[in-house]
Structure formats: C-alpha cells, structure tokens
Amino acid sequence: MIHIPDFAHATTVQVIFCFLAFITVITAFLTIFSRNPIHSAIYLVICFFSIAGHYLLLNSQFLAVVHIIVYSGAIMILFLFTIMLMNLNEQREVHRPRITRLGAIVSFCLILIVLITIFINSKPIVGEYDSTGEDFQSIKVLGKILLDEYMVPFEFASVLLLVAMIGTVLLSKKEKLNK
Amino acid sequence: MNVSTILIILLIGAFATYFSGDKLASKVALLFSLVALGCSIVLLNNYSTGENISVINSWITQPKISFALNADGLGLAMVLLTAALTPIIIFSSFGNEYKNAKAFYGLILFMSFAMTGTFLASDGLLYYIFWELALIPIYFIALIWGNGDAEERRKAVVKFFIYTLAGSLFMLTAFIYLYQKAGSFLIEDLYKLDLSACEQLWIFLAFFLAYAIKIPIIPFHTWQANVYQKAPTVGTMLLSGIMLKMGLYSVIRWQLPIAPLAAKEYMDIFIVLGIAGVIYGSIVALRQKDLKKLLAYSSLAHVGLIAAGSYTLTLDGLRGAVMQMIAHGFVVVGLFFAAEVIFRRFETREIEAMGGIRTQSPKFTSMFLILVLASVALPSTFNFVGEFTVLYSLSQVNIWFAILGGTTIILGAYYMLRMFQHVMLGETNSKTFADVTLNEGISFAVIIAVLLFFGFYPKPITDLITPSLETILQVINKN
Amino acid sequence: MNTLIAITGLGIFCLLFEILNLRKAIIPITILGLIGVLALNFYEFGTEQSYYNNMVAVSKFSTAFSSLFIVLTIFLVALSHNFYQNHPTKISDYVAIKVFLLAGAVAMVSFGNLAMFFLGIEILSIALYVLAASDRLNIKSNEAGMKYFLMGSFASGIILFGICLIYGAMGSFDISEIHESALSAELPIWFPIGLILMIIGMLFKVAAVPFHFWAPDVYEGSPALTTALMSTLAKVVAIATLFKLISGMNVISSLENQDLLHTFEVIVVIISIASMSVGNIMALRQVNVKRMLAFSGISHAGFMLMTLLTVSASAGVLLYYTAAYALSGIAAFSVILYVCRDQDNEDITNFHGLGKTNPLLAAILTASLLSMAGIPIFSGFFAKLFLFNQTIQAGYIGLVIVAVINSIISVGYYFKLIIAMYSKEPNQERTGRPFLIYAAAVVSIALNIILGLFPSLVLDLLQ
Amino acid sequence: MDTNLALILVLTPLLGFLVNVFFGKSLGKTVSGAIGTVAVAISFVVSLLLFNQITSTGKGIEVTLFDWIQISNLKINLGFLLDQLSVLWLLFVTGIGSLIHLYSISYMHDDENMHKFFAYLNLFVFFMITLVIGSNLLVLFIGWEGVGLCSYLLIGFWHKNQDYNDAAKKAFIMNRIGDLGLLIGMFIIGTMFSTLDYATLKTVIAGATNLNLPLLSLAALCLFIGACGKSAQIPLYTWLPDAMAGPTPVSALIHAATMVTAGIFMVTRLNFVFDLATDVQTVIAVIGAITSLVAATIGLVQNDIKKVLAYSTVSQLGLMFLALGFGAYEVAVFHVITHAFFKACLFLGSGSVIHGLHGEQDMRNMGGLRKAMPITFWTMLISSLAISGVPFFSGFFSKDEILLTAFHHSIPLYVVGSVASIMTAFYMFRLMFLTFFKEFRGTEEQKHHLHESGALITIPLIILAILATFGGLISLPGNSWLNEYLAPLFAKATEGEHHLGTTEYTLMGVAVLGGLLGILIAYIKYFKQDNVPEADENITGLSKVLYNKYYVDEVYDAVFVAPVNSLSKFFRDYIETGLSALVFGLGKIANEIAFQGKKLQTGSIGLYLFVFVLGLCAIVSYIFLAQ
Amino acid sequence: MGNILNQIGIENYIFLSVVLFCIGIFGVLYRRNAIIVFMSIEIMLNAVNLLFVAFSTYHQDAQGQVFVFFSMAVAAAEVAVGLAILVSIFRNIGSISIDNLKNLKG
C-alpha cells in the first residue's frame, strides 16, 4: 500500500523527504545519462549529498558526516582523479548498440516492477513506529557498539582494507622481470 | 584363506608387473595369473569341502556398505573362468611386442582383478565398483595399444566407454533406490525386498540397460564390433571372453532375483530380444569382411542365446546359460587368438586377403577348425552341452523360441564355415604362413582340451553351479 | 576463532618477511605455518563455542570446512613457488593475499553475525579480483579481473541488499537470533526476499546457471594458479557458505511456515539441473582446458546444489563432495600448471603425448579427471553416490536421473583430455621435474584415493 | 566285459584316428593306411562277437558309462545300447568300412595327405559307431553331427579347390537344417516323456495313456526332417550329388553305404514313435516316393559317373523311406543292407574306373573299358543287375518287398516306386554301356595307361559283388531270417511278412519285367544305336531341365541363400550404420547444442549481467508472485 | 520527539531505496564506460546504506548504522581495487570501454 503523502497537509519532514528523494533520484539518473564522465561524477556527488541529507533527516548526524567524508571526500576524489589521469573528460564512449539500451531498459523496468510489486503486495506495517526514546545513534553509542560488540568485524575490516591495499599495490607495482 | 586372496594376488600382481619393467612384465604377469589360478582351484577345493570362504567386513557405515565377497558355485565358476582365461590370454600375447609392456600387462591383471571382484562381490555397491573398475583398463588397452586408424579408434573406444558407463549409471541409480528400501546393499537383503510390480519393472529396466549394453543385446550392440576390431587382440579376448560374461552373470545374480515379477511378466519380450540377437548377429556376420568383426557378430549371436536362456527363469535355462558362458568364453578367446595368429603372419584381418593357409600349416588348421566347430556347437564340445540345455529350456517356454533360437546352429555353421573356407582353404596364398609356434600351440591346446573334456564330462561344472542356481531360483519364485 | 586469528597473523608475517628480505623462506614457512594452523583447527574440532558476542561461532561444520580450506591453501601455496618464479619481488604479496583470502574463507563458514559474513565474502572477492588481474601486462588477465570485479561487485550489492532486508525484518544481524525468530508468524515479507537475494548472490559466487557466465571467461583469462584457486577453494567456500546460510538461518523451516518451501525447492531443482546440463554440454566443445574445467565446475556446482534440498542431513555429504572435487581439482591443476608453464595458452594440444613424456603426471591427471567424472574408487564416485543416495532418500528421483545423464555427458569431455594425453604424439619436450608441483599433485591425488577407500573418514565427521 | 567290448568297438577307430593324426605323416603312407584299416577291422571283429552274443541270447546289451548332461527333468547318460538293430548296422558299417579302408590304401596312395584321409575315415567310423550304438537320442546326435563333420572334411578333402569346399559346406549346412529338426524333435519328446533313452521311451510310450498325439506327431515330423537332412530326401537332398566332390571311397562309404542310411536307422530306432504318428508316416511315404522318382529322373541324363550313382543313391533312399512310411521297417532295413552292398560295390567300381582313367569322371569320355578292366566290369555288372532288380540278386528281393508293401497300402505310390525302379534299371545300364562297351572315347594318353586296378582295389570289389549277389538270402520272401531277427524291436506285428500269393507273384513279375524293360531300353539306345550323350551346350528340352536337376539348386539359391545374403548386406550397410549413427547422433546433438551455446557466451559483460538480472527477476517473481 | 518514520513511513524509504538500487542496476547495464559503471555500483551500495539507516531508525537500533560503516569500508576497498584494475587495462589497451573486453568468450 503506497502511502501517498497528503501534500496539502504535508509536514515539513515530509516535504523535505520528497524533495531529497527527488534530488537523489534525478541526480542518480543524471549520473548515468551524462555523456561527460566529469559531469557524472559531479551529479553523483550531489546524489551523495542528498543521501547525507536523508541521514540527517533520520537524525543520524554522525553517519551523515562520515558519509560525506568517505564518499564525497575520498571515493569521488579517487574517481575524479582517475578520470583526469585517463584524460577522459571528453566523450570517448563508442555508440551503444540499440539492443544494449533496450536490454538495459527492459531489465530496469522488470526488476523495478517486480520488487515494487512484491513490497506493495506485502502486509503493510501496522501501528505506530515505536520510539524508545533512548539514544541509539549518537557517536557515543555508535562507538560503543562498534568497538565493543562489533570489535571483531571492525578488526576484520582492517584486514579487508589491507588486502585491498596490497592488491592495489600488486596491480600497480612495476617489477623487473626475470631477475 | 578366503576368496579375497585371489583379489589380493591379482592386485599385487598388477603392481608388481608394472614395476618389474618392460622386459620382465609379461612373465611376471603370467606368473601371477597362474598363481591366481592355482589359488582359485585351492579355493574351489575348500569350497567343495564345505569350508566358508566368504568374506564380510563393514566398510562404510553411513550409507551402509560392506566389503562382502561371497563365493558360491556360480561365482566360483565365473572366477575360475576368469582365472583360467587370464593366463591363456597373457600367454597368447607372448608372440607380440608391446611398447610400454609393463603398463600393458599391469592393466591386464588389473582388469582381471576387477572382473574377479565383480563375480565375487555380494554387496551391491562393491559389485558396482568392481563393475566400473573393469571398464577403465580395457579402455586404455584399446585406446593405447589398439590398431587401425587412430581417429576411428578413439571414436569407437570413447563410444564404448560412454555407452557402457551410461548403462551402468542407471544401474547405480537402481541400487541406490533399492538401498533406500532395504537399508543395505547386501545381496541377501536385496533378495528379501518386497517390491511392487511397478518398482520392479523400473529396477528391472535400469539393470537391463546396463546389462544389455554390456552383453550386448540388440539394439544396444553397436559399440561391440568396432571395439573388437580396434582393440588389440588381448583386449578383444578380455572383452569377449570374460567381460561379456559379467553382464550375463549379473543378469542371473542380480537382475532376475531382485526383480522377479518384472522378469516373469515381460519374459517373452526379453527372450525375443535375445533370440533376435541370435538371428541378427548371425546374419550380419555372414557378410563381414574383417575377421575380427565377423567373430564379434558371432559373439553377439551366441550371447543373445545365452541371454534368452537366462530370461527363461528355469533351472535349465540358467544352467545352460552358465555353461554356455564358460564354453563361449574359451572358444571365443581361441578364435580371436587364431585371428591374431593369422595377423602375425599376414599383417591383415581382411578375409579376402587370406586363403590357402591349410596347405602350409596343418596344425594350425586343425586347431582352428576344432575351435570353429566348437563355436558352432558340435556335439562333444562343451558348447554343445550349453547350447542344447539353453535351447531345451527355450523349448519349454515356447517351442517357437527353440526353433528360432535353433537357427543359430544353421546360420552359425554357415558363416563360420564360410569364414573358414575363405580364410584357410583354397589355393595356396602367395605369402608364406609358418605353422604355429610352440607357445601358440600350447594356448590352443589348453583351450581345446578344456572344451572337449567338459564336452564329454560337464558334470563337475553342473554340480558346481546347480545348488547356487537353485537358490537363486528359489528367490525368484518366492512369491 | 583462534584459527582466524592465527591465519591473519600468518598473513601479516608473510608481509614482514618481504621487509626482512626472507623471500626464499617464505613459502616453506607459510606452509609450515598453515600446517600449524591446521593442527590448531583440528584441536578446536568438536567444540561448539561462540566468540565475541557471537561474531564467530565455531562448530563442527565450520572447523571441518576450515580444515578443508586450509589444506587446499597449503596446496595452492606450494604450487606458488614455481608459478611465481619470475616475480620474486611480488611473491610475498601473492602469498599474503592467499593467506588473507583463507582468513576470509574461514570467516565465511564460521560467522555468527552477518557482518562477519559480509566482510568475509568481500575479503575473498577482493583478493580474487586482484589475483585474477594480477598478470598486469596480460590483456586477458586484465579482462578477467575486470569482468570478475564488475560482476562480483554487482553480486555483492545484491547480497548487501539482502542482508539489509533481513535486518529490516529481524532488527538484528546475529545468526542465532535470526534462527530463532525465523519461525515467527509475524515476519514481514522482507525476510524471505532478503534471503532469496542473498542466496542469489551466493549462487553467483558458486557459478550456478544463470549466474554462471563470468566463470568460463574469468577462469580462462586468469593466471592458471588463480584459476586453480577459484575452481577449488573459492567454489568450495561459496557452496559451503551458501549451505551454512541456509541451515544457519533456518531458512527451510521459515519458508515452510510461509508456504514458500515448495517453490523454493522447485527453484533449487531447476537451477541444479540447469547448472549441470549447461556446464556439461558447454564443456564438450572447449579447447582450452581451464575453460573446460570452468564449465565442469559449473556442472559440479549443480551437483553440490542438490544438497540444499536436504539441508538437515547432508552436511557430511557436502563436505565429502567438496573435498573430493577440490582435491581432484588441485591434482588436475598441478598438472596443468606443469604442462602449460611455458605456454601462452592452455589448449588441449599442449597435453598431447603427456602419457609418454611424463607418465606419472598423465596418470595423475587421468585419475583426477576420472574422479571428477565419478568413476569408482576415486572419491568423486563416492561423492556422487552419497549425494544421489541422499537425494533419492528425499524423493527427488527425477533429479538424480538427470544428474546421472549429466555424468554420462561429462565423460565425453574429460576423456577428450585423456585421449589427448595417451593416444596423440607428443609435440614438445617437457623437461624439469619441479618438486613442489609433483608433490602437490601426488599428495592431492593420494588424498583423493584415500578418501575413496575410506569415505567414512570424512563422511562421518558431520553426522 | 560288455562294457569293455563296447569300448573297444568304439575306441579302436578313435585310436586309429589319433595315431594317424599325430603320427601319420611320419609313419608313412602304407603304415598309416594299414593302421586305419586294422582299427576298423578290429571293430568289425568285435561286432561279430557281439552279433554272436546277441543271436545266442536274443537280448540287447546296455552299457552306461557316466552321466553326461543334466537337465531338470531329463538325465542323459553317455551310454550304449547294443541290440539287434545296432549290431546289424555295426556289422555292415564296420564290414564295408574295412573293405573300403583296404581299397583306399591303394586308391589314395598317390595323395600326399593320405594319413589324414585315413584319420578322417577312422573318425567317421568312430562317429558312425557312436551314432548306431548310442543308448539315447543325444548320443545318437553326437554321432549324427560327427559323421556330418567327417563328411564335411572328406568332401572337402581336396581343399585347394573352392568348389569342393563349397560342396562340403553345403553338405554340412543342409545337414544342420535337418539337425535342427532332430533337436526340436528331441525337445518335444524330452518334454513329453522326460527321457531320451530308447528303452525307457519305449516302455513309457507303451504304457502311456492319453498321449498328446498331435504333439507326438509334431515330434515325429521334426525327427523326420532330421532324417531328411541326413538321408538326402526332398527337400534337403541337393547336397548329396554335390558331395561326390570327395574321393570315391568316401562316396562309397559315407554317401552310399553308411552315413546316409542314418536317417533310416533313426526312424527304425524310434519306430514306436512313428507308429503312433500315422499322418507323419504318410508324409514319409509320399516324400520317399517323390524323392525316388525325382532323383531317378535326374539320374537318367547325368553324364558324370559318380553323379549317376549319387542320384541313384538318393532314389534308393527314397524307396527305403517309402517302406518306412508304411511301417515296414524291416523291409527298409533289408534294402539298406543290400543297397549298402551293391552301391558300395558300384562306387568302388566307378572309383576303380576313375583311378584307371586318372580322374576322368565323364562317361562321354569313357567306353570300352570291359577289356581293360575285367574285374571291375564284372563286379559292377553284378551290382547293376542287383540294383535293377534282376531276379535272385540281392536287390531283387529287397526292392520287391518295398514295392509289395507299397502296393498293399497305396497304389499310386506303388506306381511311382515302380517307375523309379524302371528308371533305375535304365540309367544303371546306361552307365554300364557307356563305360564298359564300345570303343574308348578318351584321349590317347589315357588309353595308353588303361589298366586294371591292383589287388587291394579288386579284392573289396569282388567281396562286395559276392555280397551283392547273395545278400538277399537273409530275407527270402516267406522265410525271412531278418524279420525274425529284428522282431523284438518292433511294437507292432511285422508288416513285411507277406504270404506269397498270386498278387505277390504277379507283382514280382511286373517288377522283373520293368527292370528288364529298363535294361532293354538302355541296351537299344546306347548299345544298338550307339548313342553318346550330347555335349553340355547341346542339351535341350526336358533333358536340359533334368540335366540341370530341375534347377533346384538355383531355386534354393534364389529363395534362401540370396535373400539371406542380401539381408546380411542390408543389415551390415544400413541397419548397423543406422544404429551406430543413432548412438553417435546423441553425442552429435549434444555437441551441436554446445556449439550453439558457445555463441551465447559472447564475452559481453552487458549480456551476462542482463541474464543475471533476468534470472533474478524470474526467481523472485516465481517465488513471490506466482501464487 | 517521536520516531521520524511516523511521518514518512518505512515503505517510502524502501521504495526510494529500491528505485535507487534499480537505477544503479540500470546504470551498470546501460553504460559501457567502466567508470560510470563503477559509479552505478556505488549508487547501488548507497541505496542499501540508506535503507540500513532507515531500518536502523525503524528498529531504534544502532547496529544498522554500524553496518553502514562496514559497507563503506567495503565500497572504498572495492573502488580502490577496481580502479587499479581499470588503470592497468587502460595502460594496456588505451580504453576503458567494457565493450572492448570481449577477448574471452565461447
């Protein structure tokens, strides 16, 4: 059951949500449709910001900040850097065959319809959402959970990053052959 | 001492042969095969004195699979066949030079090991394992040491392997199904099963596929002639002399007692298939140009009759079938050896290119002729005893079966004598043909002696196999 | 847990060796270290314990599979010596990545929390992306790495989405909590959807049809040792994890509660049949051995998926099957590595006449192929036997018949290779007898045969 | 004692065979011939002893050696039954056998493989004895097939000539067709009575009530088919003329005197079965009569001296079956014996002629041999008179009894038999005139070498001629020693015991006149008018049909042999390849699918992901939406 | 302050995420430029992250947000490795179009 917002009596939160959602979707599309990779990257940054806006809306400020730092600050820089490195600012993509585009659109529609239908058909969540009122998402709580309960995965994430690091080095390091 | 001794001897023999080097390999193999023969005779003696020579050990707990070897008269008869033919086959190959002989003879012994295991195993899965194991050595023997165009040979051999494997995998499925019902693979437990008619039919068919391909029964025989032709003669002997009998033996040991209702219900169909094989094989054999192919089709005809005899579900049918198996095993090995002897001298297997051998080699001619006559079941050879019994049992079922099956004695005589005439008789061939060497002669003489002795005095074998066949018949007729 | 820590430590040691300039010693020491880890793991066997808020849950299942992974890694590390001879400066990186990959693999079968699962699978995947692309000057390797990376990340996204939905339904990542609440009647539909998405993601990792397309291309393009790793270790890890997910989250009962079990089983049967058939039939016309083994791996994935129909009883069977498959895979790849070490491709023609030039290796390759084809006395046969037995017991006789037909087809291509080795003339000299390759091949095939002779050794571990 | 005698009887020829096979070559021709002859002669002596014993005690001797084949309801011993019938047969088998062996020492002396010849002959005698003295049908069958084998070996004795080999093969295969009939007959009898033993069988049948007569008739018919094969009756007679390819002693021994009478022996042996199957008896009589007529007509125009004799043999065998068909077993047996004497003599005589002419067999190239070979001439003349039924020679009595029996049962068959007899007289004397009278028509070379054969050849001829003359004494009309001797064998009262009345004497006269008429015509045509048969290409009209044996061989070839061969080719070329292609086809289909499937694997990530997404959608929608 | 979801509804977040996720999938399928494809994958991951946070709020539970951290770490690692592969491809063939990656097929 789609919960259609009542725009006439929309609360501020609802308006913000709609706005942010709109931005998110639009910029996501623009990311994909832009011919210039740099434009794509810019749109993606906007998209990330709007998602950070959602986080803020959900009252998880810390996550929003981290999100901005990691995605916009690190990952997108990496992207841009690579684009620059490869001198990809002009469109060099070969023309896509129609069948590819058709396939993409078909599968997009298909999966969207399937997933949406399933969720619509499912039982709606009844009743009020509880609010324990407890603090569950402050930095303090997050820190406690992350470093106490989730200590092992946290450490394990470091292994992940280590592997990624070694891997990147391995892929990029030049070596003297047949030493 | 129990039956596993033979298996151990053969297995050790296989490895010893491989590690003894190319020069010694053939002799070591012969030695071990003779030891195995001796061992099986000793075991036979022990068995007849009532000693328990069976083995049963737990092997895998879940699913429950046992290492169970059971030697009854039927099994021992087949083991003896294997143990007796293996040295003959090995000895007959002494005139040939094989490259990488150690592997060659090792594989022969290994195959002998697997076939012996098949005849002894009384646990369905163990039996299946031996059954499949026997396939691998012959595959390599035919592939590596075979003759003829390499590409053709590969095709023939791969077809053979896949075809037989296809059949046996369905048998495996049937075994697993039976295991679900019985909770054990042991043959006694499988015999006790009380299956519905429908289940029996499917199980019967699954077994039938495996055996029909192995035996082979038409129309599943298409691998046979090509493989016989392409394989080295030793391989052909192993295949036709012993391996075919695995299929026939299994029909009696496994297929009929486990699915008796289906066997009874559709008896006529399977008998007809067997007899159709007799007629078809004989007719096709008439116009074969290749000596080994001709013998292959003759084999098809003979095993068709044996299969028909087995499917009569009478004591006579089973007994005749077993005797005919043994007789056919010897005679076909002899015939293929004769083909090989000719090949050693003429370098050809084309019947057209032969002729006039009789003038040059009276000894060989006589022995070949005796084998030919045994093959057409002349009375006083063992083949006659078997064939007579089988035909008699067929006549009990339906006199027409006996008449149609009996055409084998006419058609068989036709194609065998025609072959004999073109191969051996006529004007002296321009090529010289040295008479048989001592080694070759010994192989022939042993085979002929066996055939003639049991031709006049089959009683030892009858006495050996009858009790176990009666037991099997009891299982078949239990309800 | 100790195993995991030890493995990670060992990985870091490997990196340190590079700094300490002990390259020569790195492989022996790693092997010794892994053997130590194996011993440690054996020591843990039989203890059911969870560590650190149930982040890592050690069970018989996890230790048994971890042992298998460690054994496979030992072989793969042993094979590295000759494979990376020309890359002395990178060898520590390669070895370290493999060890970390093992850590990821162990995490995947011993997770107690979906976070560990996710991180484990990512470590495994990322390590594999890197290894696939590691021959940086080879365009094929690059392409393989790229393809694997793109599709792998895509699948990771789907798995992540699945995890998210499960979290949405359960409010927890903890497996035991999920296991308990999976039977609750009031579950939102998110839970089954999440499950299915996760399963689909894992199906991609095990290369089941229709998510298999990456496998042949990536196997073919990757360096041979990486292919060995993917087709043995990675595949085994993926299927074990899939099994653990389904059994650990009580999926079957949960689906049954919601009347979805039947359709789920239909799906499993269809995917299983499709994987077997597509894998086997496609392999028939391949000339590249690695590619052929990729399709063979797809078909084996189909076989292994059959265990999902009888989750409660078939852990032992799955362990046996994976062990048999992986050991014969290791043996086969050892020979392939030897034969193709100086070649720029792995076409069948390279194997011509191997039976004459290197009879031992030819015999080993033959044995391993026969094992994969399911010929008795090799463990591959028993694996199929137990699997069929289990499946028939559950009543899927039709599926078994299809599997049987597929086994027959598979002989066709396995024997193509055997024929090439034995009945064609050798077209090249093959010199040198690298000890580690021979050792790996002999030991792995010996283990395979031992498993065949004494199946109860492994089969009864998880009963 | 009896066992030992029986074993000596059987095994001596076998021993002779073995010695000749293994040592014959080194022993030299004469020694090997002597060994062969002595071996048979010993058997003959033993037979005489046994005969003596039987006639004195009047009881048969049964010898059981050991169990042979076990079948659930049958137990078949390897045993011997020496009674009146078998001993009688033994006597002339071994007796004539010894003579022919003796004859062969000289006849085959030029052949390099003489030891083999004697080996085969000995083997033949061994099998023939087995056939005769076997105590049950299956032992008979050993001998039955064994003599067929020896026949095969001896017909193809000169194995370099493939035509001879073809003849040998044909003989063996046609015999085997009959053998199948015999086997089937055995099966039916075995099933019905659970025994194949003659003695038991006789008792069981005698004591049986509610016999399944149709089935028994079927068995009898099958047995008769067996007899047809062995004794060269229509439709299985064509092998016998071809069998003349073998050396002449072989023709004399196997294809005239002994082996071909095995069918009659078997029918006589099982008289108690055939007596119950009256329909089959009629069939036997009709077939016998037709065979005798057909063979006689063919014999009229043959030019090969041995072929004439061969068709004569077929014709005479037909007459014997005629008698059997009427249940007159002792009459048939009587004719078997007299026939053995005179036909062996004729064959040996022709052998002597051929020997003298160095292998010439065509009568058109003979003539005038009377002077050069007087002994041969006189012995053959006596035998010809005997076979033509000239009074007081042995053939007169036996043939007369057959015709008499026929007359009592069926006038048409009597007429057929009589016509055949007249023809017999004609062609025999045609043979005599062409061979021995007028001038020699061969080459000068041959003429120069014309001589009478040696003593080893003439002595057997003389002995046989004497037997052919006086052989009839054993069963004189009205006072038959033979009938009495054989009486214990037969269930029914003997048929051949006719009162000599007016009818009988009239018939006798008619027969004698008929015989003389035949001789007369031959005399006129070939002596007075000096006719010599035309060369092959000039033969026309009916003679051509006769000369070509009614084209039966060609018909058989077209109806049986050719279809089987073309069927074989068809199977080989189409069915086999078709079946093979079917199996390979499955593989090809799989390969083709693989080939098409490879195209799907394009290498494009887009496609792969597209399929991924499709699969995902399919699974998700199947699970969650398809309910 | 009550649960924010009372005003928006968890379904809307789910739909938003699904749409975003599907856009990501669409991008992967639609574009041939490897960089854009990477970005599309990032969009997919972000869609999931958003949902995690929404569910976290829904359950009033911090674990979901903690998981987002891991997810970010994974994303970072993947991007690093992916770009490294991309760079080496670019060095070899001078293009980053995934249409050029069709050597391995059949």
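By written order: A, B, C, D and E. Residues from 1 in each chain.
Just so we're on the same page, a residue touches a chain if its C-beta (ideal position, glycine included) is under 8 Å from a C-beta of that chain, and two chains touch if they have at least 3 such contacts.
Bear in mind the structure is a predicted one, so any value in this text is a computation, not a measurement.
Any chain bridging chain B and chain E, meaning touching each of them, is among C, D; the list is complete. Among the remaining chains, those touching chain C as well as chain E are A, D. Of all chains, the one whose mean C-alpha position sits at the greatest distance from that of chain A is D. Among the chains, the centre nearest to the mean of all shown protein C-alpha atoms is found for B. Ranked by number of C-beta pairs in contact, the top chain pair is A-E.
Measuring from the averaged C-alpha position of chain B to that of chain D gives a distance of 37 Å.
Spacing of chain A relative to chain D, judged by their CA centroids, is 103 angstrom. Look at where the CA atoms of chain A average out and do the same for chain C: the two points lie 31 Å apart. Taking the mean of the C-alpha atoms as each chain's centre, chain D and chain E sit 98 Å apart. Touching of two or more other chains is recorded for residues 587, 598, 601, 603, 605-607, 609-610, 613-614, 616, 620, 624 of chain D. The set of chain C residues touching two or more other chains comprises 115, 119, 122, 126, 129-130, 133, 136, 147, 150, 154, 189, 193, 216-217, 412. The residues of chain E that reach two or more other chains are 10, 14, 21, 24-25, 28-29, 32, 58, 61, 63, 66, 70, 74, 77-78, 81, 84-86, 88, 98-99, 101, 103-106, listed in rising order.
Chain pairs that touch, as defined above: A-C, A-D, A-E, B-C, B-D, C-D, C-E, D-E. Listing the residues of chain B that touch chain D in their complex gives 155, 159, 162-163, 219, 221-223, 225-226, 280, 283-288, 314-316, 319, 356, 358-359, 362, 366, 373, 378-380, 385, 388-389, 391-393, 395-396, 399, 402-403, 406-407, 409-411, 413-414, 417-418, 421, 424-428, 456-459, 462, 466. Contacts from chain C toward chain A in the complex involve residues 8, 11, 15, 51-53, 55-56, 86-90, 93-94, 96-97, 100-101, 103-104, 107, 113, 115-116, 119-120, 122-123, 126-127, 129-130, 133-134, 136, 188-190, 193.
Across the complex, chain E meets chain D through its residues 25, 28-29, 32, 98-99, 101-106. On the side of chain E, the complex with chain C involves touching residues 10, 14, 21, 24-25, 28, 34, 37, 41, 44-45, 47-48, 51-52, 55, 58-59, 61, 63-64, 66-67, 70-71, 74, 77-78, 81-82, 84-86, 88-89, 92-93, 98, 101, 103-106.
Residues 100, 103-104, 107, 110-111, 114-115, 117-118, 121 of chain A touch chain D in their complex.
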